[in-house]
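Here the chain labels run A, B and C in written order, and each chain numbers its own residues starting at 1.
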Amino acid sequence: MPESYCTEDIQKLINCSTSVSSTTTSPATNFLELQPLMTETEHDSKHDGEEKEPKQPQNNPLQGMMTCALKLVSYFSGDMYIFAKWMENQFLLVQIIDWVLRGAAQVMFVNNPLSGLIIFAGLILQNYWWALNGFVGTLFATISALILQQNRGAIAAGLYGYNGILVGLLMAVFSNAGDWYWWLLLPNIFMSMMCPIVSSALASINSRWDLPVFTLPFNILVCLHMVATGHFNLYFPQVLIQPRTETPNITWDELDLPKLFMSVPVGIGQVYGCDNPWTGGIFIISLFISSPITCVHAVLGSTVGMVAGLALAAPFGDIYFGLWGYNCVLACIAIGGMFYALTWQVHLLAIVCAFFCAYLGSAIANVMATFGLPSCTWPFCLSALTFLLITTETRKIFKLPVAKVTYPEKNLGFFWNLKKQWKMEKEKTKDEQEAIQEESILDEKEKLRLEERRMEEGGGESVTIVNENDETNVSDQEQQGTEEQNVRSTNVTEITHADYV
Amino acid sequence: MPESYCTEDIQKLINCSTSVSSTTTSPATNFLELQPLMTETEHDSKHDGEEKEPKQPQNNPLQGMMTCALKLVSYFSGDMYIFAKWMENQFLLVQIIDWVLRGAAQVMFVNNPLSGLIIFAGLILQNYWWALNGFVGTLFATISALILQQNRGAIAAGLYGYNGILVGLLMAVFSNAGDWYWWLLLPNIFMSMMCPIVSSALASINSRWDLPVFTLPFNILVCLHMVATGHFNLYFPQVLIQPRTETPNITWDELDLPKLFMSVPVGIGQVYGCDNPWTGGIFIISLFISSPITCVHAVLGSTVGMVAGLALAAPFGDIYFGLWGYNCVLACIAIGGMFYALTWQVHLLAIVCAFFCAYLGSAIANVMATFGLPSCTWPFCLSALTFLLITTETRKIFKLPVAKVTYPEKNLGFFWNLKKQWKMEKEKTKDEQEAIQEESILDEKEKLRLEERRMEEGGGESVTIVNENDETNVSDQEQQGTEEQNVRSTNVTEITHADYV
Amino acid sequence: MPESYCTEDIQKLINCSTSVSSTTTSPATNFLELQPLMTETEHDSKHDGEEKEPKQPQNNPLQGMMTCALKLVSYFSGDMYIFAKWMENQFLLVQIIDWVLRGAAQVMFVNNPLSGLIIFAGLILQNYWWALNGFVGTLFATISALILQQNRGAIAAGLYGYNGILVGLLMAVFSNAGDWYWWLLLPNIFMSMMCPIVSSALASINSRWDLPVFTLPFNILVCLHMVATGHFNLYFPQVLIQPRTETPNITWDELDLPKLFMSVPVGIGQVYGCDNPWTGGIFIISLFISSPITCVHAVLGSTVGMVAGLALAAPFGDIYFGLWGYNCVLACIAIGGMFYALTWQVHLLAIVCAFFCAYLGSAIANVMATFGLPSCTWPFCLSALTFLLITTETRKIFKLPVAKVTYPEKNLGFFWNLKKQWKMEKEKTKDEQEAIQEESILDEKEKLRLEERRMEEGGGESVTIVNENDETNVSDQEQQGTEEQNVRSTNVTEITHADYV
């Protein structure tokens, strides 16, 4: 029942909406090593600006209604910042529920409890036992992070929960002991509680390159559990996965178009290990609530994965089952607007990354099958990290500092502000340059006059001096171009070298 | 004959004991890239303090005897610092013997030649040929480090020898050519001599995170040799290791309790590839001589490994053979007091790490078996490195800078000194804060007086000014708390960012 | 037709040779993240010095001819710097041809279009289809780097092309679909275009340790393609590679000495996947043109690989086929003069590295065969990176900063200049030290005189003061030695920590 607490929330918020801007003293202690988990919760002072917008005088009733509706949407969309602020003063148990829901949604880079709730609904639709395991995983991962005294801001954003839900879910999915085998909760809880440890360790490494840890802790821990026990374990047997040993029989006549079409939502569902297309559809809705850009890239990624599967002669069954889609979904979201500011170039890069991810997915699936393992989300992690490590001399592909990542729409705002700043700096430099040039021209004119006077007295060497001055002017203009480039490069270094300051 | 040189040593030391404190000019050139091999040899001025203790007037003969006994113990326990100092002026060949013995003990993080000697005795008890290979490995690794002009302090601490002894031993253990196959010494010498190269290379990487290299060079080189030759090699065949392909038959009735109990010392023996429980027992003694904390954690680690083996339905044979123990032994020692300062929280962390290591051990053993490889000490290395990379906001889990690591007891001393320092700084800040508060209160009182005077003249705005002052006082007190946190965090950054200074 | 443009080039160059020194305004924007691809193109002002040499008065005709011949050689040898300068002002299409040729040669660390042309000739001799695929790969990798706006200097040096040629060639070599299967060009183009992305990402990581990326992008991408499709793929089947399962039948009587001798050039040919000894011979010539030191180390590396193969009981067929040679060729070139300044110690290190590489080659081949993969050049990459990460306290093993790497002969020049500088600094410090000593001696003499005067009055403590002074002098002399060491260590830190400044 999301409506009940939402209305409460709104009433509360309307009451205190005027005082919000004064009470937002940022409590987020900004530890660099903790940032690169996935997305960050830090909210700078620009939020106050957003708050102030509705204060404008509302002239006619329609406009007022529109503003009201927009305001209502703003409470549920994005990262539900106002709700998160309100939550800070609630009981710890209520807070944990919020963190668990955000953790469930953070798998898709969505920091939104409502999306998390809808995702849990999708999981329940798929399988009760899996949903329970997922919940237990998220809960214990969050508790473990609290015990280990990790950064409270990161915990509140669900950044310690999303690996937990995946560990819980996928351990249940790949277990060969059948549903409701209660002993499974034991390794589930142990592995979930290991999540924050592995997350923290990986963040220490990845922070050096300002990279998030993505779902690497989940990949490591689920593979660890599966390969440690294996198919032939007495207590915790895993499903049997074996490498392909013969050419699959693929005839294009057998291609089932409706199933192929269905593979797009199924691919999104497979991010959580679900093969039910309705579950996938519910996940798409949950993404749309928080961020339409994310939603579009998710669908795009799943489609790219399907096409790549067809191009690489994959068995149709795998494609229908969404196995070619889920990694591309995540990779396409991560590159397309989440960690890079969305431009056309970045959009294309996201599609290329999705193709590369599909290729890598096939490769990793074949390698892992040798050990009886599924490919998990390794392909997504490796391809997204590769594409985030690219350095280029163009500003059109701008990687956001991980500490500033929120959701694609807001990231764009951050990027546009930065662009304005760059432009102003550029113009400022131009003006200064022109001023200097004018001055030097005046200087030259004066010099010329002096020369002329001297010439009257006698001597010809002075002309060369003037020429030299001209040359320096030209090189000044050339420097102007490189200075712009310098501004860009210093911005880059500020970001990448932030961890040394 | 360890007695002979020990007595000599003591006589010499008693003679020069008064002059020790004046001659300790630290020659250890402190190269950052070289430090993170395992534990460090650097000794700060606190040693002089230890020397000065026996100088107290001895009132009664019993107290005198006690002091004398403690003094005698101090010569053999810990890292035998005084002996190491005395060794510095001996012949190179005698020094190399010391380095080889220290190298043999450094596998267990023990920088003590006496422990090394006892360990060699244990190895001889197990198998002459293996002991010979181990000795050759340590010797050539140390010689190679000398040729490559590595840091003399690190060589003297045996930090270039411990990988050598493991390479030598395990190449003999896993060789399928039988004992006394003399040709084996050729790859043994080559691989041992590669140890310092791989150590140095890994230290360059790990030093960026202030991490030691542990036994990674050994793991890399032994796996390299085994997989390069393999079971079907004509010259250097390896034992056949194959992945499990059926469910093992485990019935709890067949559990042999005495054998299970014996698996604890066997697990410690398996660190050196030995399955003789007496050898394991001898190793426990050698650990106790140097550091009781290390010894306790070794036994604890082996027990945790055994329990984990039972929990994960491992074949009993593997558990009896100590295969579940040796990685946990090393992981538990490393976390429990060696690289973290021992507190209750760290003690629990060490046990969790041992459990994680056991899980990882099973996983890696299954993966490596696919290539016909044993799991070596990969599980220990990976789990310990993961746990050393954790960052947390509590001070109770304090990672020592690798350059300051010696042995658990001394590490504790270092930590307590640091804690005192923090406390003093905290109190200092408190006092300063109080002084500032008092001042501001005085200021306020004066202002109030001024206000009163003005009030007499007329005006009421001044009251708000005083209120503002009160508010700043409150926020000052709040800041006090965060300042303490800052002190902590700066300490952390000093350590982790030490390599950039 | 290399002659045609070469003569043009020379005429052009002779005409403008006098103005070269004035026009060399370095356009290379020096982005640190982009440098560590392989070798660098940056040219410091020393080149102007080289230009000035021919200006010396030519006394007799023979000397003149010699100078002329040397000048001509200097146009074709090394990195053909003058030609590259001249190319900068040509059409983009002509430039791309230059970049593609340099890219083809950069596989062997040779930045020389003439060598590249000869290498393409060798490839055509081997197989038309492979040569075409190699060309397509280089071309599209270069184009992709241009689209991604990578550093123009690095592109012009062929640093974005060499992975492309290997990807193209080896995808054709390992394809099981037979020659002239045109569909193969599709994944070929996709993978080639991924090269700059993976290169850029890896450079971001390796730059932290000032390491080049070598052929890692090629290894990653070819393995990715091969394992993603596999032997049983319908569209892009790969050759079947399986792990060894029985002891090979090796009898020394069957050893074919001529074939063994031939395996040396074949090993060099296998760098490009070619088993034709004539092709290998042509490659040796192409290396000799650019750099004789590189050529010698290539032959040496191939020989070491052959010997290692015999020592490790490899099947003779593999040795004849050059599979033991090509990694050692690359490793020996990289260590022997390319990234380390060539001294006798480095020469020995290069041979040790080649042996290690051969060992590693066998290990990796066995591991990769489990996944149906060839070992590619992983062994070279891993062994060379390991040997480049070594830190040592001797100056004889001097790793050049990657930004300063050109070709062995020029690297030596850079190193000798640095050595001269060190010597001067050393002497300067010595002189200063002596001056200080003399001063202190004078001081002492004066003090002695003062003492004598006091002694006349009465007192004996003054003698000890003089002694103390003597002691400080001795310790000053000792410090002198450590200061020299400091000079060295600061040089090292300047290089390794360059990325933080």
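One rule holds in what follows: contacts are C-beta pairs under 8 Å (C-beta built on N, C-alpha and C of every residue); 3 or more make two chains touch, one makes a residue touch a chain.
The structure displayed is predicted, hence computed values, not measured ones.
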| item | value |
| --- | --- |
| Minimal step count in the chain contact network, chain A to chain C | 1 |
| Classification of the chain A:chain B interface as same or different, half of numbers criterion | different |
| Rounded Å distance between chain A and chain B, as computed from the means of their C-alpha atoms | 38 |
| Where chain B touches two or more other chains, by residue | 208, 370, 500 |
| Chain A - residues contacting chain B, complex | 29, 31, 33-34, 148-151, 190, 194, 197-198, 200-205, 208, 223-225, 227-230, 232-237, 370-371, 500 |
| Touch list for chain B against partner chain A, complex | 208-209, 244-248, 250, 311-313, 352, 355-356, 359-360, 362-363, 366-367, 370, 385-394, 482, 485, 489, 497, 500 |
